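Following: one structure in structure tokens, then a few remarks.
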Amino acid sequence: MSIIERIAKGKRKPLEGFRVGFCLHVTKETSVLVMAAKELGAEVALCSANPLSVQDDIAAFLHGEGVAVYAWRNETQAEYKKCIRDVIAFKPDIVTDDGGDLHYAAHGAKARGIMGGTEETTSGVRRLSALEKSKKLRYPVIAVNNARTKYLFDNRYGTGQSTLDGILRATGMFLAGSRVVVCGYGWVGKGVAAMAHGMGAAVTVTEVDPIKALEAKMDGFAVAPLEKAAEQGDVFITCTGQTGVIRKEHFAKMKDGAILANTGHFDVEIDASFLYRNGRSVEVKPNVECFKFGGKKLYLLSKGRVVNLVAAEGHPPEVMALSFANQLASILHVAKNHASMEKKVHPVPESIDDAVARLALVAMSVEIDKPTAKQKKYQRG
Amino acid sequence: MSIIERIAKGKRKPLEGFRVGFCLHVTKETSVLVMAAKELGAEVALCSANPLSVQDDIAAFLHGEGVAVYAWRNETQAEYKKCIRDVIAFKPDIVTDDGGDLHYAAHGAKARGIMGGTEETTSGVRRLSALEKSKKLRYPVIAVNNARTKYLFDNRYGTGQSTLDGILRATGMFLAGSRVVVCGYGWVGKGVAAMAHGMGAAVTVTEVDPIKALEAKMDGFAVAPLEKAAEQGDVFITCTGQTGVIRKEHFAKMKDGAILANTGHFDVEIDASFLYRNGRSVEVKPNVECFKFGGKKLYLLSKGRVVNLVAAEGHPPEVMALSFANQLASILHVAKNHASMEKKVHPVPESIDDAVARLALVAMSVEIDKPTAKQKKYQRG
Amino acid sequence: MSIIERIAKGKRKPLEGFRVGFCLHVTKETSVLVMAAKELGAEVALCSANPLSVQDDIAAFLHGEGVAVYAWRNETQAEYKKCIRDVIAFKPDIVTDDGGDLHYAAHGAKARGIMGGTEETTSGVRRLSALEKSKKLRYPVIAVNNARTKYLFDNRYGTGQSTLDGILRATGMFLAGSRVVVCGYGWVGKGVAAMAHGMGAAVTVTEVDPIKALEAKMDGFAVAPLEKAAEQGDVFITCTGQTGVIRKEHFAKMKDGAILANTGHFDVEIDASFLYRNGRSVEVKPNVECFKFGGKKLYLLSKGRVVNLVAAEGHPPEVMALSFANQLASILHVAKNHASMEKKVHPVPESIDDAVARLALVAMSVEIDKPTAKQKKYQRG
Amino acid sequence: MSIIERIAKGKRKPLEGFRVGFCLHVTKETSVLVMAAKELGAEVALCSANPLSVQDDIAAFLHGEGVAVYAWRNETQAEYKKCIRDVIAFKPDIVTDDGGDLHYAAHGAKARGIMGGTEETTSGVRRLSALEKSKKLRYPVIAVNNARTKYLFDNRYGTGQSTLDGILRATGMFLAGSRVVVCGYGWVGKGVAAMAHGMGAAVTVTEVDPIKALEAKMDGFAVAPLEKAAEQGDVFITCTGQTGVIRKEHFAKMKDGAILANTGHFDVEIDASFLYRNGRSVEVKPNVECFKFGGKKLYLLSKGRVVNLVAAEGHPPEVMALSFANQLASILHVAKNHASMEKKVHPVPESIDDAVARLALVAMSVEIDKPTAKQKKYQRG
């Protein structure tokens, strides 16, 4: 609440007259964002960014509060798409997405009447940037994912902790002494690698980007092509935002008992469909499937879907609060400034980022220095 | 199984004719030890080392397998003591304990007929050493807890991981950016501190032993008296094996929202009874009680009992397997050598420790070097 | 040499006909860059970016090789400025600077005939950005300092290592168990903090930027205003690029025996002039001056100048080689593309950055993955 | 001085009437110990524990102060032995050694009149324990090396820092991104491995002891036989106290440019004599010799002698002060209690260890808790 007040800066209903369409994981955490938009005056509709993560009680609660909810647990792929179209049909002024599917659907419908939007994920931003490049982006979008505070909290530390937490809950394995292979050394991979090492694991990083590979190497991790790392890993964690990262040629080289987890976006990073087609699968514990494959056992967690959301409880509340502050402030920014914003993917304005970081420091009782007048002058050159 | 075979070294029934009395946490893990003793020929009886951790299905299973089981969930204190007496009445030759209560009861009954025993915990060993000092120890005991492999696996890494896991499951808190106060820098404290730091927390250590305090300081942690640390901590974790470590004068200085967890032995490290007498308690989540106290909220996990057993699933199986190998080999050692062992607390024989470490390395596919003939000679001087 | 060949990409004299003016630390490492420019066809002049770091034998060597050298050890401030004017008078086409003084002088002289330039340091870039903002920048400049490979190697790991190395050589102090206060959590501060912690020190970070402060906090370091940190530190290391960071109010609160080191740019981060005016100074060892001040002793290293250059040997050769590759490739880029470049501060082109990272990975025998065709397509959206 | 006063506990000349024979590195640090013994009333003689580390000015100074000095720089092997015999001929009551050579010589001379001694190093203690085992030890010896404070400060952190410092000064290499192979995971190896990792290196540990190997593995390091690690290392650091650790079969597998450093005792850990016999050696920098061998270059630091003493400045003064307090207190303990001590190798009495740790904490301004009366009672059981 104090966040909402600080962000609204005294205006009672800054979103009055705006219709906001959301495509989000339907959980308690995101419901807070939807309700906040409503609180600030908006009319809101909601579909799910992931058919599997819908919490029906939350959906019911939001519906009761007057939100137009198009989401239920275990939607079929067809239902999932229909729900997205329903949100478009709601004629939103502002579109807030987590993955890019809603933005894509909006563009399929010519984005009529949409003033602007926000996007939560790296993979969604990538899809929007491709649109921008080909001059097809029809409204300005703030890439909330690019907020520096989001990098720090959500991607690095938040996903780092919740990924390991998810793996420990699902498997009860022992990290100390194990070899963890981290695929991708972006912000999420950095967090996962540092924390896995901090729990006593040896870490090998795989990358396609030479600069990120170099950084992993300088951080003291082993760096290798996945084909070599496949032979050594006890656990494999994908965090690339890419498709087909772990494939049959890698499965073939793995040790008996290897564990496979994904903490990137969607469920395409590990080629689970190959395993399902070629191995016999048994659920040995909730969220742990065992495949007999080539004379050995491989364990796939949460069917290759994001392990931190499925097997653990997602991000800690502190992280969600910051993400939430970023998103809400970005929606307000679009509402206020859309007319003057170019039709491209915008970073989160620095002033929002700074304000969110200060909120977090206050919450942690951390004080910092202020530049002196002399220093400000020095900085200006 | 392969462990049992290696330890039995070809003999089919090395425990034939022995009666073994166990006082252990009644869980799947320890049931393996009890069954192994039976498998090797012993007659066995079992009571619980902790009335709260009894898993009734395990107790039922063991009973069905012919074990004399005296344990059920939520025993009263009186029942707990009666169960221990029942195991003594079973007239064991060898006594295997986890805390020292069974050894104490055996001594109360003059330890008639008992050839020797083993003890699992630091606090139990401390009690037995006090007996030895006052010449009252009536049979030799192997301090399994003192095995070097146990220090490494079970106390440091095992409890380190399961303690953090327990806290994360209970609270969902965010470790990165928090201040964790670790009370006690023995093996458990070292593991908890290193891993908490590895997850992004800042760590303050409190100690009464100057050498351990120095070690914590040289490891890069802040070291302070608890009275000062109390003001700064977001989470407090006791791992001392001592009583009354966190007391009212410390509660009084804590920040609003501080979390209190114990991962030492028993439930005496945090003065929970003070909280219960003086604050209003509400269970906000399973294993999390909120106390309003002096205008602020304090959160006590699992009523001050060991958080890794109550809120998480205890040690990972790899750790249990090693502990188990140590215990079983120690029981066999007592069975074979009791006549020649002095009536004192013995360390785990080096040969057992080495053999267990080699078992673990094999399981991890780690090869190591062998000393050359020249080196062996050099070592002899 | 192999670097030069790879960068020149087969062209024998890509700098033929260009005059390049350099303002650099006159050391063996930078002489390699100057000679490489000459090798590739340029006419070159050189003055020093720091009057104190000139190695006279290197200056003599370069002069012998046909470089117009305007630099000698211990230049007065007036001589230092005159040398810079001499390089301007040489009428360079391209200007390569380390700090911004040469660029400033060039602008003072209306930048006549200058096609473009490069700048090595954060503080230099800041000064150029200020010019750009006020529309006064007269030629395009590549901010070599902004290369991602430079961040990684030079600023973070290179300066991290050489700073600690410089402090250890100067003082012989014991890092384990000490409290190190790191002022500034930019790339340099991150490297210094991580490595100081890795050597067993406890670290407190001070910052003025809320996002960087948050990052330091989430990395597990203590964060505090300098006024509070001043009371606790055994060593203070400034890495801000700012002026007047450690001032008399901080000196007043420090412990007896505190050590003061600067590893930012120039010598203005620690207010050494205050110490010289108000304390009695004695050189107790090379590069270590003791000030008696308010009843205690403070130790200032290398007179507040960059400790890694003065007290140690600067960056390791691997780091210099990469920096060098970045600089040389950037000079070639300016030579080739200046006509089409806007008059602003440009980041190092991504292609240069990638190529340099690949050079480094090859040198370390590290192989990495390549994106599959399917992944490239997925990335395009 | 304050240390001496605290240790002497008010007695002015507790060593009056005792003759003490020392065999130590003749450096400023150890001269303090020799002078302290004199100060406390002893007559003293001194030879060098290492012919190469003698600082002639220190030898001259001690001679001037009335110490019988038998040591000069670059003694031949014959001179070295003669000097040791001279100290025996001095008829010491107490013998303080650093390596065991003086103790051996004393036993060769039947140890006539010697009441007891102290020994500083692990390898010396090993030799004395072999004597004890074969019932040939003729006087009690305190193994100063076994002091817990010494483990912490001197072996782990002290040697850790000074070893890396020595390697950086000698080579200027870049630790971040390199692969450091640490041979031996005793206290020294643990310190070197942790700090090398803290500077950004990846670490592989080699061991012959399965428990230490397991500990290294659980600490997150790679563990491998040296034969495999030889192929990967950029730097090799021996810390085993053993002979012939790195041998020709390992040299044969190393990468071009590998660096070899020893920080154990003596100069036998790396088979340097093989290199000298089989490769061409050139000193490329002080303390760095390059061998061309099998088509590649290997770099041997400080001729295979302890790199932290030869290439850096040995331990930081804080570490030396603690070592010194341990040694002096141990000498006083022997002087006072020799009559009642068994003829075996004794650990440092716990009371000395505790007192030294408290000295160190005071020096660091660290306060710690005291056990409550209730806790003391609980601990007694």
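Which chain is which? They are A, B, C and D, in the order written, and residues in each are numbered from 1.
Please note the rule applied: a contact is a pair of C-beta atoms (placed from the backbone, for glycine too) under 8 Å apart; a residue touches a chain by one contact, two chains touch by 3 or more.
Since the structure is predicted, the reported quantities are computational estimates derived from the model, not experimental observations.
Q: Across the interfaces A-B and A-C, which one involves more C-beta pairs in contact?
A: Result of the comparison of A-B and A-C: A-C.
Q: Kindly point out which of A-C, B-C or C-D repeats the B-D interface, defined as over half of the contact pairs being the same residue numbers.
A: A-C
Q: Any idea how many Å lie between the Cα centroids of chain A and chain D?
A: 53
Q: Centre to centre, by mean C-alpha position, how many angstrom separate chain A and chain B?
A: Result: the chain centres lie 39 Å from each other.
Q: Centroid from C-alpha atoms only, then distance chain A to chain C, rounded to Å. What do you get?
A: It comes to 36 Å between the two C-alpha centres.
Q: Which chain A residues reach two or more other chains?
A: 157, 176-177, 197, 200, 214, 217-218, 364, in rising order.
Q: Once bound in the complex, which stretches of chain D touch chain A?
A: On the chain D side, the touching residues are 176-177, 197, 200-203, 214, 217-222.
Q: List the residues on chain D that touch chain C in their complex, please.
A: Going through chain D, the ones touching chain C are 157-158, 160-161, 165, 168-169, 172-177, 194-195, 197-200, 255, 313, 316-319, 364-365.
Q: Name, in rising order, each residue of chain C that touches chain A in their complex.
A: It comes out as residues 126-127, 129-131, 148-149, 152-153, 156-157, 206-211, 213-215, 217-218, 223-226, 228, 242-245, 268, 353-354, 357-358, 360-361, 364, 366-372, 374-375, 378-381.
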